[in-house]
Each structure stands twice: as C-alpha cells, then as structure tokens.
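Structures incoming, each one as structure tokens.
In the two assemblies presented below, chain A is common to both, partnered first by chain B and then by chain C.
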Partner chain A sequence: MSDKKLRVVHYLNQFYGGIGGEDKADVPPSEREGVVGPGMALKAALGNNGEVVATVICGDSYFNENIDEASKAVIEMISKHNPDVVVAGPAFNAGRYGVACGAVAKAISDELGIPVVSGMYPENPGVDMYRKFAYVVETGNSAADMRKAIPQIAKLVVKLGRGEEMGTPAEEGYMERGVRKNVFHDERGSKRAVDMLVKKLAGEQFTTEYPMPVFDRVTPNPAVADVSKIKIALVTSGGIVPDKNPDRIESSSASKYGKYDISGVNDLTDDTFETAHGGYDPVYANLDADRVLPVDVLREMEQQGKIGELHRYYYATVGNGTSVANAAKFAKAIAAELVADGVQAVILTST
Partner chain B sequence: MDLENQRRIKELAEKHGAENLVVVLGGAEAEAAGLAAETVTAGDPTYAGPLAGVQLGLGVYHIFELKDKVDEAVYEEQVSMMEMVLDVDAIIQEVSSIREQYSQFKD
Partner chain C sequence: MVKEIERAGLPVVHMCTVVPISLTVGANRIVPTVAIPHPLGNPAMSPADEKELRRKLVTKALRALETEIHEQTVFDK
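Now for the complex of A and B:
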C-alpha cells in the first residue's frame, strides 16, 4: 500500500485518439507519450495519485478485423511502459470500440496480470463479451457522459493500483463481473432467506443475494398444420448477402439488415452470394451460401409441393456482436413486412 | 459538436481573437445546445475534438436569446416556426447557465 504515483497506460480508438472518424477506423496501433483526448480528463481526475504515462491508439475496424495481431501489438506497446493499471475507453455505446476495449482487457489480464478499468453503456456488446476481464464502469450511451464517467474510472484505478480491497459492483459503481467471493455474514443463510421471504410477502423492498440472469424467452407459436399450403420466408443472422455485400452490412455489431429478392434463384453459388459475417470462418459459407440460407432445399420442397411457396424476399443481418436491442428492432421491422406480405411461417437460420 | 466545426471555431478564434468572436447556436434541444456551448467555452466535454482541453471562453448565445437583436422579419421567417415547437425556456436556461460559468466575454 505505497503512495507512489501510479503508472497508467490509456487505450483509445482512432476517434478519441484524435486521428479521425469512421474513415480512419482502419489505422493500426500506434502510441503516444502522455495523454491524448479523454486522457486529459483522466489526468485531472487522478491528480497526484497517478500519471498517464502513455496512450495507445488503434482504429476500431482494424482492431476488430485483426483481433489477434492487433491485441498482440497493443499489449507490446502497453507492457513496455510497466503500467500499474490500464484504462481502456470509456467506449459508451460504441460497439466495436467496446469490443476492442474488452479484448485489450482480456489480453492484458491473461498475459500481464495487470488490472484494467473501462467504461461502457450496459448494452454495449463489449460488456457481455469481456466483463470478466475488466472493471467496467456503467456509463450513459454517449460521450456526453464523459464528465461523469472519468472520475468513476479514476477512483477504481487508484483502488486497484494501490491494491485496496474492491467492494461489490453496487458499492463501487462497476458492472458485475460474474465473480463470486466467500464472505462471513453475521446471520446464517436460512435466517436471511426467511427475512427476504417475509419482506417479499409484505411487498417490501429486498435485495437478493443471488440474482438470476435475465433471459429473453420467446414463446413459440403453435405449429403450422399444413406447410404445403403456406408461404414461407427465410431470415438469417448468418450474414448471407448478394455478392459484394451491396448494403455494406457490418461484419460485427450490425446496424442494419438487408432485404434481397431471390425470385428465380434456385441455388446460391459462390459467384452470386457470400457472407458478410465476421464471427465465423466464412470459407464454407462463401463456397455455398445454401449452407447458411437453404434456398436450394426449399426450392426443391416447393417443386415437390411440400411447402406452398418460398417468399420472394429473404432478410439478412449479421448476428456477430449485434446488441439484443438492435436485433429486436430489426425483427420488429422485418416481421411487420412479412405479415403484410402474407408470409405465414419463417425459417430463421443462424450460424 | 462535430469535429470539423470545433476545428473551424478554434481557427477563427486564433485568427480573430477570442474576444472578437461570438458563437450563435441553433440547437433544437437543451442538452445538445448546452454541450455545444460548453465546447466553445470550457472545452469539448467529450474530449474527442480539437477543443478538448482548450478553454476558449467564447461568448455564446442561442438564437432564441437574441430575438431583440435580430431583424424582426428575418427572425419571423427563419426562427419563429421553431420557437413555437421547441422548449425555449429549457434551451435558454441551459445555454445561459453554461455561459455564466465559463464564458469570459459576456457582453
């Protein structure tokens, strides 16, 4: 528990690193001495407790498309400064930036064992993917929340850097990391459970000691009695798109979906269709996209009269890192069109 | 505030002097107008742009605050429509509060 000035290295994307916006998202990792952009606020919040000795910057697209190489390069740049703590972000609701911050955190904790602090909006896909590897402060969904986020981050940096005991997520303001810790309690479990039950029955507030994960359960519709009479549509999160991905659907954290006409198409070939998905080995989907979106089989079934009709359009997005909120938004829009087009059943394929 | 506008304002302040520059905002919403006002006075609160850590302290007003100083016919044509639909009080409150705190040129 010394009170030396902590050494902090800061990871930023190209935007906060002052290199540029989306057009510069493909820049490879680079480093600067001292602070850049939000590092100024971090420096002020750390005061005499710590110093931002270096800043490592990498483009979001570059990082996400070259995740192994980019992690390696970033780790090398960070490790040579011997930081006590690494700060990544905050990324707010920027999906690829959040994923990059998370991947940096994972690599740092795996290889260097140095604590990492970040900040994200709870729906950022980086939270779910990497929450174990960093203390992620909960932020608002845009950079307008920087002013509030940075002091929170600085507080955790000092705690971790000084090896002080870290409190629970609720006490310290970071998001749950899925870590369980044994503690001695004044009262035995059975009494605490009964106390909670009594409070629950009385309609009073209580805090569970074992929160259940929240799953979005979708109740299946009743089975279709006779599929030989109905129009069936294909919808996929496997990223199957016409050649050259005309709508530029992102390879991860998709912000949109595409609607494509397959009238007259009996077979998806490697000349005509491909996958835009960046989360699986695309080789086999690119060779024969029917593996993900089974147009060929459905055409056969259509000819044999086993299904009534294959809908003229299929819908596709990329499920890789796409937030549940976005996916639900796409689904609402797609479902409305399908219903309007008289589609009675959907085959949803994933990867 | 977008990065290009931050860069322009920074350059204009360097060229003409911060005391000779007034920023007139047209933001349609209090928070956005407040963030823009903060950017040109205390520095970019998101720390992403050229004005991160740069405290220009410029005079900054929302167009709603300058109604008396603008030609009535022009105001009527350009602004009055939006004045009817936006939350004018909240916008003025936000921008003037930022100006009171951070602007070095208030008149």
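Now for the complex of A and C:
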C-alpha cells in the first residue's frame, strides 16, 4: 500500500468557511488554498496521512436555491485539485448545509467517482436524501460535537483514500448507505435464520442481516372541490410571530409553537409581525412578513370570494434544527384543533 | 409537519423553496417558491409587482388543493 500523502479537498458553507452568517448565505461558490475553519482540525487529525489541499465554500441558501448550477461549479473547483478523497462538512443538524454536502457528494461520486466523507446528525434531511453517495459519520446535533466528529471523519478518509477494506456502518461509525455487499459466511442462511428466530423467541438481542426500510408516507387526501366554499388555515415553519415574539419561540430547536389571532389583520407590517427563525436572513421577513405568511393576498381573496374564509388563527413554529419528534408533535396538536374548528384545507409555508 | 396535517385528514399544500427537502419529508402537494428567506416575495421588485407574484403563487397553491393527486406532486407550472 502506498503511503503517499492523500490529497483532500474540503467543502464548507459560508459560516464555517469564515465568510459570514445568514446575511452571507447567498454567496456563490469560491475556493481557497489549504485549510479554512474546521479544516485545521481535519488537517491535524490526518497528520502525515493526508493534506487538505484546498477548500471550496458556498453559501447554504445559494446552494439550495440553485442545486444544479451550484453542484456543477463546486465540482469544477474540486476536481481541479485532483483529490483522492473529498470531505463535506460536517453539517450536524443544519438542514440546508446537510443538503449541500449531500448534493456535492452525489455529484462527486456520479462524475468523478471519488469517495466523499461527511458528518451529520441522523435527522438532517441530507442523510435521507444522499446517504447512498457518501460515508456520513453520525454526529451530534450541533457544532459542539466537532471535536468528536473530525477524528472519525479523518479515519474514514484514510481508509477510503488508501483503498482499505471498509467495515460495516456499525463497525466504522457511518450511517447506513443502503448498499448490499456479498460476503462469505461460515454458516449457511437457513441456520442463521433459525438462530435468529430462536433468539427472538427467547427475547434475546439479535441483529438482522437485512433491515427493512422504514417508509412513512401518508396518502394524499382527496382534493378540495371548490376553495371558494371552504375555510383555509395558514401554518408556517418560518417563525412568523407577532412583534416581540410573545411566546418566545426559540430561534432554533423550537420546543413550542404559537397560535395567533389574525382576525381583522389585512397586512403584516414591520411593526406588527416579525420572524423568530434563526436559520435564515431575517431582514426580508421582518420588513414584510407576508413574504413568508401570505395573509395580505389571502385576505383579499377572501373579500373577493375566491376562498371561503381565512381561518381566524394561524400557527407558527421555527423549523431550524427542530427535532422531527417535536415537529410531528406540534403538527398533530395543530391539526386536531384545525379539524375541530372546521378548517378544510391548509397552506403550510416553509423557509 | 405537513405529513401530520395530511394524516389528520386535511389536504395540505406545502409552499417552500427547497423542493427536494419537501419531497423527503413527505409532502404530497408541493408549490415551489422564490427563495429561502422570502419564499413568497422578492424584495428586488416593486411592492405592487411583489404582491402580484405572491398572488400568483397562492393561486397556484389553491389550485393544487383542488387537484386530485395519487402521489407526491410538484406544481411547478
């Protein structure tokens, strides 16, 4: 096996890339020589095994709003440096960043056939969307886990770069990629199946060799016959709240939702409504919250008879690193109230 | 959230910018919007044009609610 230093290119978002926060989330891709931000720790963890030769940075909003073009530009920048392995992130529970890292991984593996290592929290939407295309190390849900995530990532980089045998997800600490691998086993299948069954009957622990995929899909409800005859409600994960955020909904990892009366409100203005969301640049929503929650046009449509009625209350939470369990819990409670209030259809807006 | 609302029996249309995420979370009726920080607006436009843009998007959402579907559908026309 060769012991040359592996060439690694690192993909980061605008925040970890040191360009700026949400106000810079719309910057297009750019590149730097050598390491930036968490690349320092990656370099240290790689030691003599590898070198971070370049870093490519792109704003999260820019990437997600232009996935195809952004992937293309990023791949061009990355391929120039002839990497042996590409590292994207880690993105922890940052949704847009996770999607960007995953899309980069997909483009790299489709077009360049180079292995990609990333790190994400299991609930990051990037995991489900792109798990096939990268070795995604399971991380905690925030950057506090960086110190643990980087050495794990570095370990996989070296293995992949050196072409060493990759173990199972459980052995190596990455998330399942849905890849099946043929192996020779000492015992034949029928015996292993019966062994498993015996263990199951005895209430003992056993590990399946073929985990069933979990599909949680809900069948679409029948269409509404005529929106001009029904009551419609607005729900948003974009954090639109009355001025001063009376319920103090958290800017990330929300633990609650709010229910707000908009009877008589024709327009959301900068001194009546704002956003509590900490995961996007709030400037535009704070100036005019109708840009996230379209009360103004729905009110007009109600007056013109185009919709039957705009429900008196709207519901809002902040979908920013909020756990799936919490979001499901909020929505269940909200839906029950809406049904009880005679609402017949919902418009849900997300940022 | 969309999924739980749909599960409760309410037809729901998801208006969002990152359609792949919406597909992953299991929304059935999806209307793509303008940009992450202003899905239903565009600060570069005049207020009148911006409102017209919003009216068009909301109209599209209402049409999506009136459309019978059998699988996840992106209303991008």
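As a convention for this text, the second predicted complex is superposed on the first by the 221 of 351 C-alpha atoms of A that agree within 3 Å, B and C clash if a C-alpha of one lies under 4 Å from a C-alpha of the other, contacts with A are read in each partner's own complex, and residues count from 1 in each chain.
Keep in mind that, in the parts below, a residue touches a chain if its C-beta (ideal position, glycine included) is under 8 Å from a C-beta of that chain, and two chains touch if they have at least 3 such contacts.
Given the structure is predicted, the values throughout are model-derived calculations rather than measurements.
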Partner chain(s) touched by A:G113 [first = chain B, second = chain C, both, neither]: neither
Contacts of A:A331 with chain B and chain C, given as first, second, both or neither: second
Touching partner for A:F15 - first (chain B), second (chain C), both, neither: first
Chain A: partner with more touched residues, chain B or chain C: C
Touching partner for A:A143 - first (chain B), second (chain C), both, neither: first
Touching partner for A:A41 - first (chain B), second (chain C), both, neither: first
Doubly contacted residues of chain A, that is, touched by chain B and again by chain C: none
Residue ranges of chain C touching chain A (in the complex, touch as defined): 1-18, 20-22, 24-29, 33, 35-41, 43, 50-51, 54-55, 57-58, 61-62, 65-73
For the chain A and chain B complex, residues of the former touching the latter: 15-16, 18, 21, 37-41, 142-144, 146-147
Residues on chain B engaged by chain A in the complex (per definition of touch): 3, 31, 35, 45-48, 50, 52-53
Chain C partner contacts - residues on chain A that touch it in the complex: 22, 25, 61, 64-65, 67, 95-96, 99, 125, 128-129, 216-227, 232, 235, 237-238, 280-285, 287-288, 290-294, 296-298, 300-301, 306-307, 317, 319, 327-328, 330-332, 334-336, 338-339, 343-351
